[in-house]
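Dropping a structure here in structure tokens format, bear with me for questions.
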Amino acid sequence: MTVAQVIFYVVAALAVAGGLGVVLAKHAVYAALFLIVALIAVAGVYILLASEFLALVQILIYAGAVTVLLLFALMLTRTSDLPEAMTGAQWPVAGLVAALLGGAIIATVTTSDWPGDEDGMITRVPFDDLGSALFQQWAVPFEIASLVLFVALVGAIVLAREDEPEEEGE
Amino acid sequence: MNMTDAWLLPLLPAAAFVALTLLGPWLPRKGDWLAVGAIATVFVMVLLIAADFTDALAAHGEEFAGAANSTQWLEVPGQLELRLGVHVDATTIVMLTVVSFVALMVQVYSLGYMKGDSRYGWYYAVISLFVASMLALVLADNFLLLYFAWELVGVCSYLLIGHYNHLRSAAEAAKKAFITTRLGDVGLLIAIILLWRATGTFNIQEVIAAAEAGEVGREVLTASVVLLFLGAMGKSAQFPFHVWLPDAMEGPTPVSALIHAATMVVAGVYLVTRTLPLFQLVHGGPELILAVGLLTTFMSATMGLVMTDIKKVIAYSTINSLGLMFVALGVGAPAAAMLYLFTHAFFKALLFLGAGSVIHATERQDVSSLGGLWSKMPITCVTFAVGALSMAGLPILAGFWAKDEILVALLDNKAAFALAMATVPLTAMYMARVLILTFFGDPKEPESHEHAHEGSPFIFVPLVLLAVLTVFAGFVAFDQVGELMGFPGGIGEIIFLGHPHAFHFDWNVAIGSSALVLAGLAAGWFAWAARPSVPGVCLSMLRPVHALFANKYYLDDIYQAAIDRVVLSIARLVAWFDRNAVNDTGIDGGGYTAKFAGYLMKFQQTGKMPNYALGMVIGVVALTLVAFTLKG
Amino acid sequence: MQSGYILLATIAVPLFAAVALLFVPSRHKDAIRAFSVAVGFALFGLSLYAFFAYQLSQVEQYQFDMRWMWIENVGILGENGITLHLGIDGIGAAMLLLTGIVTFAGTLISAKIDYRNKDYFILLFLLVAGVFGVFASLDLFFWFFFYELAVLPMYLLIAVWGSSSVFSTFARTKEYSAMKLTMVLVGASVLIFIGIFAVFVEAGLGTFDLPTLYEVEFDENFQKIIFPLFMLGCGVLAGLWPFHTWSPDGHVAAPTAVSMLHAGVLMKLGAFGIIRLGMQLLPEGAEFWMPVLIILGTINVLYGAISAMAQTDFKYMVGYSSVSHMGYVLMGLATMNAVGVNGAVLQMFSHGVMTALMFAMVGSLYDQAHTRELAAFGGLVKRMPHFVAFFSIAGLASLGLPGFSGFVAEFNIFLGVFRTYPALGALGILGAAITAVYILRMMARAFFGPENDKWESLQDLSRVEYAGGAVLIAFIILMGVYPSPFVDRIADSVLRIPGIG
Amino acid sequence: MEPVAQQIPLEHFLALSAILFSLGVYGVLTRRNAVLILMSVELMLNAASINMVAFAAYASPEKFTGMIFAVFIITIAAAEVGLALAIILRIFRNLGTANVDEVDELKW
């Protein structure tokens, strides 16, 4: 077993554990913390896949900004301090279905023949190549993405702001 | 005027009908002169055609079968050709003469009788249409035109019976007449189509020829003949279809004279005469006619005896006469039937017109409110008496010759002869009864008696003319009379359908029947004039029998019940079934099923997002599994 | 001069009239009336012209043939893929004339409508355009398009301008009737739609052009499977038992002119479809299934007539009599011989004119009396002599009285039926006798007898009703007395239908 | 661009992605709190990203399309979280709860 393999299994185990925590944790804030674990573990997976840039972005944006936002949301929507049921009534069916789905995907994955898999070789992508591709070949989608972000921002503000007084009369 | 021009005959009154219908209200005198003029012209043309016919007869001898002329009406190439055409032979000539003459008399009579009627113009329009249809009926060379005209005379009869349409009874009677005859017509139409199917033609002569050549299957022929006879029974008011004719007296009296005595009701007799060869090909065919005729004759005589409405008595006497004609046809004596038809037209029209004169004068038609009219209305009285005695069969009057002719023809069939003889005194008795109760004795309602008076010349001139004919028409049976009138071989050539010397005279029968007639008349005189208490005594002794007769053997009630209880119940059942089973259950059921399915399905719309999400995922999983399975 | 533009005009004129009406302010009610009647008259003239300009004994089966390309050589569509192909044979010519007559009479009668008459006429003209389109189309796609166009405006016309009926034991609201009519007919047209596509695919020519498809000889089993789709799908619109109940309810609920058009013309679309799609496309299938159709037709005749006898409502009686008379059409078609089919087409025409007249008259009475209860009337003849005369003519025509169109048609049908199924023919004739019973009962009860004082205020026919009725009666009598112009055109085309012996 | 020998089969990455994705699905289906559902969605998004990147690295390194996709996914996720947060706040303000199974106005 090579070092890379060891690292992979450790990281994968962390990611799965984090995921389990997200969906099973009894407390919402714990779930958020487990999410951070999972996200960081995924960043580790990116590094194993020779995409350091992605790993960085993952940690900065996901594990940082997004999670903070989620924690804010939790804080803002807290109704009471009383412990309440975190899991809905359909969890047995959902568990079965999710297991089936995962099993099906894994079965498909393992029985399929994937290209480039023979030697376990991967190719490192230089930062500058990625950057130039993003701003040349993918310039238009990139701009659109910025627009999406902008619209989302405006939309969030519109949705979240307080109602005008005259609208309350409904 | 040639025989082949006979197709013009119906067109004249038809044109008068169209003109009266469209322009009637704007014509002077509402256009009655048009109608009378048309029929008068037709009468003259009929005489010309008859002359042409006798010439042809003289030229060709006994082989002469008649002249025909037809035109195409409708064609499906190679499949079907319907033609309208006329055929003139001896029978036709007799019928044409009767129809045009009686129609002329009745139309003239109506000038006086219908004067002041609120629908005077319409009356003349329909009468014209009737004459046109009736002429077409007797001229028809094929079953199609015959059926066409057959139905048209039916509808004219319907319209005229219902002439006084503000009366519920008139409306009901009209309906009854139409529906009853229509039931017979179902048979007629089926018979016509069956014969067409077997022979490929509607032409009457060709159909008969084909049947005689054995081209028509036995069962088909039997069925057609029976069905054909159904049509004749309906039109000619034979038992058990006779119920409509007495009710038809709701119409104006001239209409009764024309349609329900002289012309339309004998259409059945005419039809059977025309197709008699077909009946004779079928085993039991003539016997069927004979049985129906005898039954009708006897039953109608008994019912005529107890009726109190003067017109209904005459109506039953008409059924009686029609029955006799069928009896003659049943024993294979069409000549006798035609002679009776010919003379019957005159004396029966005379009776009705006479009754009409009484009704016109007194506005009563129940014999129990009439009486003693002879002093007020001598002409009517005498002419009516001539008609009644002729109907009874008193010697030398027209009815006597014709009736004896039929009795002679019956000599071979003892039972039938006995039954026919039995009706002779009955007939005489009820004719005496109606004559006595109407014109003799004391007036039962003095005030209406006071006002009674002879009508206008329009009314009594036709009466006199018909009375004269009633006295003398019977003599045409003798060749000598015909030759005197200028017909070679006698008028019998025409009447007797190409059997010129078929007139038999049997002194024994004549004396026997005359004796019975006299006995009947005497009994009538005894019961209703000499000893007025007798009917009451008889009535009390024979109450059930009287009730049976007076209620027309309960046939009307049975029919009414059959329609109200059975037919309408079935109809309501079907309508109920249609509404509840077919519609509400079947058709709406489909809708309700969809609706209920929707009701059930809506509960999967929980509104809870996780449920929807679960559904989606299950779908994805299922699809994945399917894809996975297919991939192998 | 024969030009497909005539046929195009019969479709385009009502469509343009509908569009033009959109731009008329709805307050000009009289102008709208006058315009609509004028359009009706124009359509009458066009159809009359087309009928008489139709040439007899020509080589071409379809005259006024004209084709406008729409979609071609795209995707699955090959040459002549979907074209607006117009043309009529003798059957189409007769039906076109019928539509013209009934439309004209209908617009005349509709002049009485006051409530939103602009919208009413727009919908009416859409419907009329659809009907003309079906009779003139020689392309399956457009055939179906026009078919749906003819059915759908009906929903609004009934639901908005119709009338509800309340009886002692049940009620039929106009919304219910409109919905049922639309649902049943649309459901039936799904069958037709499936059939059309099956034919399209099976032929594999990439065209919806009917004359081209007529040339194709379809596999016998295919025909046997697909024919019932057309038979049922079209049959439902022709009032086929047991899917007929939309018809009495729908006709009763509909406003007068819509009843006239619907019973007079639309039901004929169904029978026309059975000929055009069923018998002409799939002759072997037709031969296989016709025994079923003739039995259903006979049931229609008797069942409809007996039901009509039990009705207590004028319009329901007329509605059920339509079911009964359409049964004769189905019987005639099912004989598969020239005489019977010829009779069926004649009956389509005859019944169309006759039933339109009946509905017009019932409508006239209802507008004044606000009831259609048979038992409520009596002695109408005194106040409304022309009404009674017109209604009686329609009634007598419907019971098959010689001299009126019904006799010619039914006689031909009986001849045809007797050739193949004498027993059913006898039942058919019995049905005619039952018709006589209920028609005469109705007349005796409502028209004659002592006058009911309640109805002293009734007026006789108005001038528009008189005119509309007179047009219809003229054709009833014309066909009854001189049927050759009709038979010559129809028989010629009927003999060209494959499988007709 | 030099190849690196990792000696980890592609299937292992894919399997990890599948497990994470299923966990996310399970979370979406069972969690009641909207914010937690959002977190589960993030898990699913990450699983998808892993797939993209792994395929890019193994199958078509010269194009690195998968990595670009991953960048976009992260971008969209950020926008999505922002919007979702606003919606959740709105629901919370109107209905007084952030539990999705209590928000069932749109039912029969």
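For the reader, a short list of remarks on this structure follows.
Labels for the chains are A, B, C and D, by order of writing; each one numbers its residues from 1.
Heads up, the rule we're going with is that a contact is a pair of C-beta atoms (placed from the backbone, for glycine too) under 8 Å apart; a residue touches a chain by one contact, two chains touch by 3 or more.
In this text the structure is predicted, and so the values were computed from the model without any measurement.
In this view the innermost chain, defined by its CA centroid being closest to the centroid of all protein CA atoms, is C.
Compared on C-beta pairs in contact, B-C and B-D come out with B-C as the pair having more. Put simply, the C-alpha centre of subunit A and that of subunit C have 67 angstrom between them. Separation between the centroids of subunit C and subunit D, computed from CA atoms only, is 63 Å.
Separating the CA-averaged centres of subunit B and subunit C is a span of 37 Å.
In terms of their C-alpha centroids, the spacing between subunit B and subunit D amounts to 97 Å. The multi-chain contact residues of subunit B, meaning those touching 2 or more other chains, are 610, 614, 617. Shared interface positions of subunit C, defined as residues touching 2 or more other chains, are absent.
Contact of a single residue of subunit A with at least two other chains is seen at positions 88, 90, 93-94, 97-98, 101, 105. Contacts between chains form some other arrangement here, matching none of path, ring, star or all-to-all.
Of all residues in subunit A, only 88, 90, 93-94, 97-98, 100-101, 104-105, 107-108 touch subunit B in the complex they form.
Looking at the complex, you find that subunit D touches subunit B at residues 25, 28-30, 32, 100-101, 103-108. Interface of subunit A with subunit D (complex): residues 2, 4-5, 8, 12, 15-16, 19-20, 22-23, 28, 31-32, 35, 38-39, 42, 45-46, 48-51, 53-54, 57-58, 61-62, 65-66, 69-70, 72-74, 76-77, 79, 84-91, 93-95, 97-99, 101-102, 105-106, 109-110, 114-117, 119-126, 129-130, 133-134, 138, 141, 145, 148-149, 151-153, 155-160. For subunit D in complex with subunit A, the residues that touch the partner chain are 1-16, 18-27, 29-36, 38-40, 42-43, 46, 49-50, 53-54, 57-62, 64, 67-68, 70-72, 74-83, 85-90, 92, 96-99, 101. Touching subunit B in their complex are the following residues of subunit C: 170, 180, 183-184, 242-246, 249, 303, 306-307, 309-311, 337-339, 342, 379, 381-382, 396, 399, 401-403, 407-408, 411-412, 414-415, 418-419, 422, 425-426, 429-430, 432-433, 436-437, 440-441, 443-445, 447-451, 483-484, 487-488, 491-492, 494-495.
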